[in-house]
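Chain naming follows the written order as A, B, C and D, and within any one chain the residues start at number 1.
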Amino acid sequence: MTEIKDLNRFWNAYKESRLGLIGLVILLFFVTLAVFAPYIAPYDPHEMFKPMEHPGSDHLLGTNDIGQDILSELIYGARVSLFIAFFVSVVSGIIGTAFGLLSGYFEMFGFFLMRIVDAFLAIPRLPLIIVIAAFMRPSIWNLIFIFIILGWPITTRIIRSEVLSLRTRNYVEAARMVGAPDTYILMKHILPNVFPLLVVRLIIEASHVIIAESSLSFLGLGDPTAKSWGMILHYAFVYPTIFISDLWMWWMLPAGLCITFTILSLTFIGYALEELVNPRLRGMTRI
Amino acid sequence: MTTLLEITSLRTWFPTRDGIVKAVNAVDLKIEEKEKLGLIGETGSGKSILGMSIIRLFHPSAKINIEGKIVYKGKDLLRLSEEEIRKIRGKEIAMILQNPTTSLNPVLKVGDQIAEAIQLHQRLAKRAASEKAVEMLKAVKIPAPDKMANKYPHEFSGGMKERAMIAMALACDPSLIIADEPTKGLDVTIKMQVVKLLREVTKQRSMLFITHDLGVAAEVCDNIAVMYAGELVEYAKTEDIFKNPLHPYTQGFLNSLPERGLKPIRGMSPSLINLPDGCRFHPRCDYATGICKTMHPEMAEIGNGHFVRCLLYDRS
Amino acid sequence: MKKGKNVAVLTLVILILECSVFGGIAAVAADEKVVKFAGDLPGGDWGYPSPFGFYPRGPGYIRMSFGFDTLTWKDQNGTVIPWLADSWEMSDDGKTWTFHLHEGVKWHDGEPFTAKDVQFTFDYIKKHKTSFKWFQTLGYIDHVDIVDDHTVVIHLTEPFAPFLVDIAGNVPIIPEHIWKDVSDPVKFVGDKAVIGTGPFKLLKYNKEQGYYEWEANDEYFKGKPLVDKLISLSVNDPALALTTGDIDETSFWGRRAKAVSAFENKSGFGTRWGPSYWVLKVIFNCERYPTNLTAFRKAIAYGINRTELVELVVHGYGIPANTGLIHPDVTEWYNPDLPDYEHNVTKAIEILNALNFTDTDGDGIMEYPEGGDLEFNLITLDKFSREAELIKSQLAAVGIKINVKVMDMSTVDGILKEGNFFMVISGHGGIANPNILEKPDWPGGTCKNETYTALFKEQRETMDYKARKELVFKLQESIAENLPVYTLYHPKMCCVYRPEKLDTWFFTKGGVGIGIPIEMNKLVFIGEEEVRPAPSLAPAASASPGTTSAPAPTPIPTPEPEQPGFEVIFAITGLLAVAYLVLRRKNR
Amino acid sequence: MHRITKITGYVAIILVVLSFNFFLPRLMPGDPLSFLTGAPGMDMPIVLDEETRAKLLTYYGLDKPLSQQFYDYMLGILHGDLGWSIYHNAPVSDILIGALKWTLLLVGTSTALYMVLGILLGAISAWNRGGKSDVGLLVSLLSIGSFPPFFLGMLFIILFSVKLNLFPAFGAQTPFMGYSSLLEEASDILYHLFLPATTLVISHIGGVYLLMRNSMLNVIGEDYILTARAKGMAEWYIMRKHAMKNALLPITTMIALRTGFMIGGTILVETVFAYPGVGRLLFDAVTYRDYPLLQGAFLIITLVIIAANFVADMVYVQLDPRLRHD
């Protein structure tokens, strides 16, 4: 009941951010592509026609080097990219929050966990991904696994610092006084308050994952049987005449723009949310 | 006695998400040469905003509309361009902001923070300016000023920070000082020292002394204006205010002082966004009658130089 | 302060503008004849071009061969021609070879080349077998005798048919006076390590940028090279580099040959096609059920449509492969009448049914006789994932469910050696040389067949060409019949070049040395009349040698050239910083 | 105390990274020889007999038990010896230095640029928050920041190298042109640096800008800004002298970390522009299972990151007098 009211208030506040709305629209567009890919895509992305067809009536964006319809590839690509992004951000978000709450609430545990987190954060991210990805067989699930492993520490750190500040709030103290069990306090008092922060984090993580996934695929470390945007770019990039012919216009550019716009939408949404979470950014200053 | 600053029907409003904050409403105020005027009221009564409005101490891009007239030495400050008003700030009219701990820049040496104003307004070389800064610190009785000038705020005690703030204000020898709660959060002995210092340094100056501390106000001020919910409700000589406060709010305010038995005024001061109709004080007023709810009283002179905004005293 | 920043920014802008101008000028080299080329293979670094330093790859050997010579060499028709040796005789038992060396050959450092060097070379390479990774059948060499300064006799432990090509035409002769006191040849780099007799002297080598620069060896005993400078570099996109003029020659093969179409009718560009002597093949695991069943392998062979593969994946720039591995162009070894397993789904299904693989539950996927879907992994490399995708769809029609697993080179190699696979798509070159038949399923090792191995050894020791050809044919038949591997296609290869720079490029029949398909037989750069392929002799190519500005007499190759530019850049940055600070002070 | 925990932490990290990179590759299928002796998909197959193979393993010390190898490696590092690269056939340290100088040049230049720009723009836009310039900067920077670096690089090649033919598409230098002067060489290097560096700048500026802007917005609300204004200081001056320094405090660490990560992160740009550098080196090391090089590269990258952390701490102390004295 109150949640719903909160949601409404949240939404009303969110609506005021133009960036946020633009971002939402773009994202929804891609989500629709992903969800209804089979109905939207003209062909099965694995079906092979005459290779290197230029854009025409039956292939709006032409075909790739083994005759697969590029448009269909793009549409199905939305599936792969978005699925990975959201799956990873949610799971790593859950893990991160759990650890964050605990480490923020129990000093000892927190101290040790933070050392681990520090270690994780100091390890070079992309190189590590490359090594792991090169050694593990690049399947979507392996990528997801890698990204989760590398994703949770940041969330943990953010959540923890928030919890630390929340713990000192009166109502938490009060709840302690009356001897409420820790789990109850965490769930009832602290979790709801870190939630907005978490949402922002999830969005940002999602965009990171999309970049990481496309980067790996671009380097040829992705899952070549999965039609992700990064993979399309990879095959375009290694194709000999991509730069000297017009191929790039319908083969490289669309895929690249898809990635760019997805990230853009997430960035905008993330920014809009952050404004809500941190009123100072709203441009209201102490007067 | 000539008028140094004359404020007429000043209005300072802030449009925000939740509505318009009517911080200052139709305020008329005069400050004579060398006059020390006390401006008292609860926190949230808009007295600080009034002080800041005088020199338009707001971020240029902040959404604010100020109306009315603020005539200082013949020119209307509200008509001045940003550039021109900057030449007034600190040089002609200095302001001592409340809470020195946050009002001093933590990453700059105190000496430099004083010197930069001098450099700016008096066109002095850096060295000369810093020497002047040391003098100022001396003037506000900071021990070993030359050493302290090179220290950072966090190395100063609360009282010394306040002194440093005062030194900063005096740096360019302004003719009017606006002191916003300079004694807030200082313990009694320090407070008294600061008050003493203020009295000294403002002998030859005018001062608008903003506070909610009547005791201190009594020490420093010639006249006192009482502010409530963004408007003045009473104005009189200091002793008059204490001897016979007319406005129920002023009375309540006095009664809430320790020596008078700590009787707080009932209710809460209204939010500046939606002010009550009629007399702004009526919801909390013991003498409130029906008319108070509807009719908004004007400022009226009762005895010589004693003004009050209350229907109880309305002759007409 | 403000001013300070402006100045700094301005300076930077000026610098960048100016350097773009500079760069423009810089790109134009001196008036000597320079030829820049880049291979199509990714990465330009093929190791230090000393006999022991180059990476054991075709391009590595080629770059080494510019500086070092062998006793014999191959012309563009693949016939063995005299090189360091003017002539030679073989004893009847085929175990002793006598070589009469060319006289007056000099090492790059001026020392004379003698029989002692030849003897030393073979002894040295035998001693450092593991260091000379390029070729491993040196076990046949027993010892080398010196008759006189220009005559050597090489004694073999047993007859070795491909001796003239695989040893005499492959082992680079190194100067004794330099190598005699080198204990670890692999770690011996630097200007001395590249002193050979070859047509080019290494001038510069930059590992991290994958750049090589050679200058012509004007005293070369086969005549002065056609170009004064030869440069090999690493580019991200050869086609682009060719159009922008960053390189004068490169080659494309397989699918990538599509790039050639962009140059074929373009003035200022020449193209030459050749076979790549390269094959893509499916390696079966002959020890694991079901791929250990020959019939099963045949079924898969019928299930795969190689013509479609060539059409779709290679864009027609290739031919369905000889099921016996040897490339069809190599007429002297190629066995033309082998089964080619014409695509035939029904036949594939029949065979599988005969083996009791049937689609009982009608889900389009067959089941093992023991039950369970007929489904397994097809492992391959990223660059062959397109082929794998197609084969997956082709075999689906037969009722076999394939999961494509792409892994990096070393992983695949490991898996092949562990025998932990069903099918792997992999490829390799060198199929112009019967030697390749030693291990048809290379680099796998699951298919062992004693009779076959015996057969191979026999042909290697048969000196009579006709007899040997018979045996080589038998070997190919065995492969085509037993299908330890099923060959897919031979890609075509094409080199694209700027004729005004050099017009003499050609593909060596049977490949350079032991069969490197690259168009960089050193003869290309020497251009002796009788071996020059095209009658067309571009005017630039015949530029009189005298006119060219002679470079430094003695080459000083530096493995890691200095980058003084760095200091300058940092200096500039520093200056900017200082300037900025100064101005900042001023403005205070 | 804090320092000590930090340092021990760093040491721990190095150890973790090292052992990780020591053991992971060796647990995976394939070994350095598989490339040395012609791996699948390569041009020329080389058939190694077992004896030779064994000899090679001994030569590279790969036949010893893992524990022994690890011990030797650690010992080597302590003596500053990173070992011998199997694939490149050269001392690892030489190769690393060769690549690192390019990476540092690339990262250094672009970092300097995007930091200065990002911080300035962030400050400016925060200072005029809500204004046209703010919104403009915000939208445009967030937008260009959304381009994946490799995509941006490809676009640049097409635009500046192919269409306009203004800048070279690959490499770090015009190969072996005889430089007449140092300045000429320097400018040639800068000329090749331009596109990669710009790509990096554009893809990183957004982050710093946003950090700075947020931090600045927090500072603007502070009382000391009012004080400065009350003294009659000019807005631009207040922003520079009073606000920016304070705003930089909370974000120095984050910025430093980003910079550290760029060392390994440039691999995408290096790939697109065939720019020699550590990222590319690492990638090859992985492909060819060049254990010593792989370990070396990781060590270097980690060290750089840790160095960046240290620098961050230093700068932080410099900026914040409250930490300087105690």
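Quick note on the criterion: a contact is a pair of C-beta atoms (placed from the backbone, for glycine too) under 8 Å apart; a residue touches a chain by one contact, two chains touch by 3 or more.
Nothing here was measured: the structure is a model prediction, and the numbers come from that model.
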| item | value |
| --- | --- |
| Chain whose averaged C-alpha position falls nearest the assembly-wide average | D |
| Maximum inter-chain contact count - chain pair | C-D |
| For chain A paired with chain B, centre-to-centre distance based on mean C-alpha positions, whole Å | 52 |
| Averaged-CA centre spacing for the pair chain C and chain A, given as whole angstrom | 43 |
| Length of the line joining the C-alpha centres of chain A and chain D, rounded to whole Å | 23 |
| Of all residues in chain D, the ones touching two or more other chains | 28, 129-130, 157, 161-162, 169, 220, 271-272, 286-287 |
| In chain A, residues with contacts to at least two other chains | 134-135, 243-244, 285 |
| Contacts with 2+ other chains: residues of chain C | 237, 240, 243, 383, 408, 411 |
| Chain D contact footprint on chain B (complex, rising order) | 52, 55, 57, 59-61, 63, 86-91, 94-95, 97, 99, 102-108, 113, 116-117, 120-121, 152, 154-155, 165, 168, 171 |
| For the chain D and chain C complex, residues of the former touching the latter | 28-31, 34-49, 52, 55-56, 59, 84, 87-90, 94-95, 98-99, 101-102, 105, 109, 112, 157, 161-162, 165-179, 182-192, 194, 240, 271-274, 276, 281, 284, 286-289 |
| Sites on chain D touched by chain B in the complex | 127-131, 220, 222-224, 226-235, 241-242, 245-246, 249, 319-322, 325 |
| Sites on chain A touched by chain C in the complex | 46, 48, 51-52, 65-67, 134-135, 137-139, 220, 223-225, 235, 238-245 |
| Partner chain D, residues of chain A touching it in the complex | 19, 115, 118-119, 121-127, 130-132, 134-135, 211, 214-215, 218-219, 233, 237, 243-244, 248, 252, 256, 259-261, 263-264, 267-268, 271, 274, 278, 280-281, 283, 285-286 |
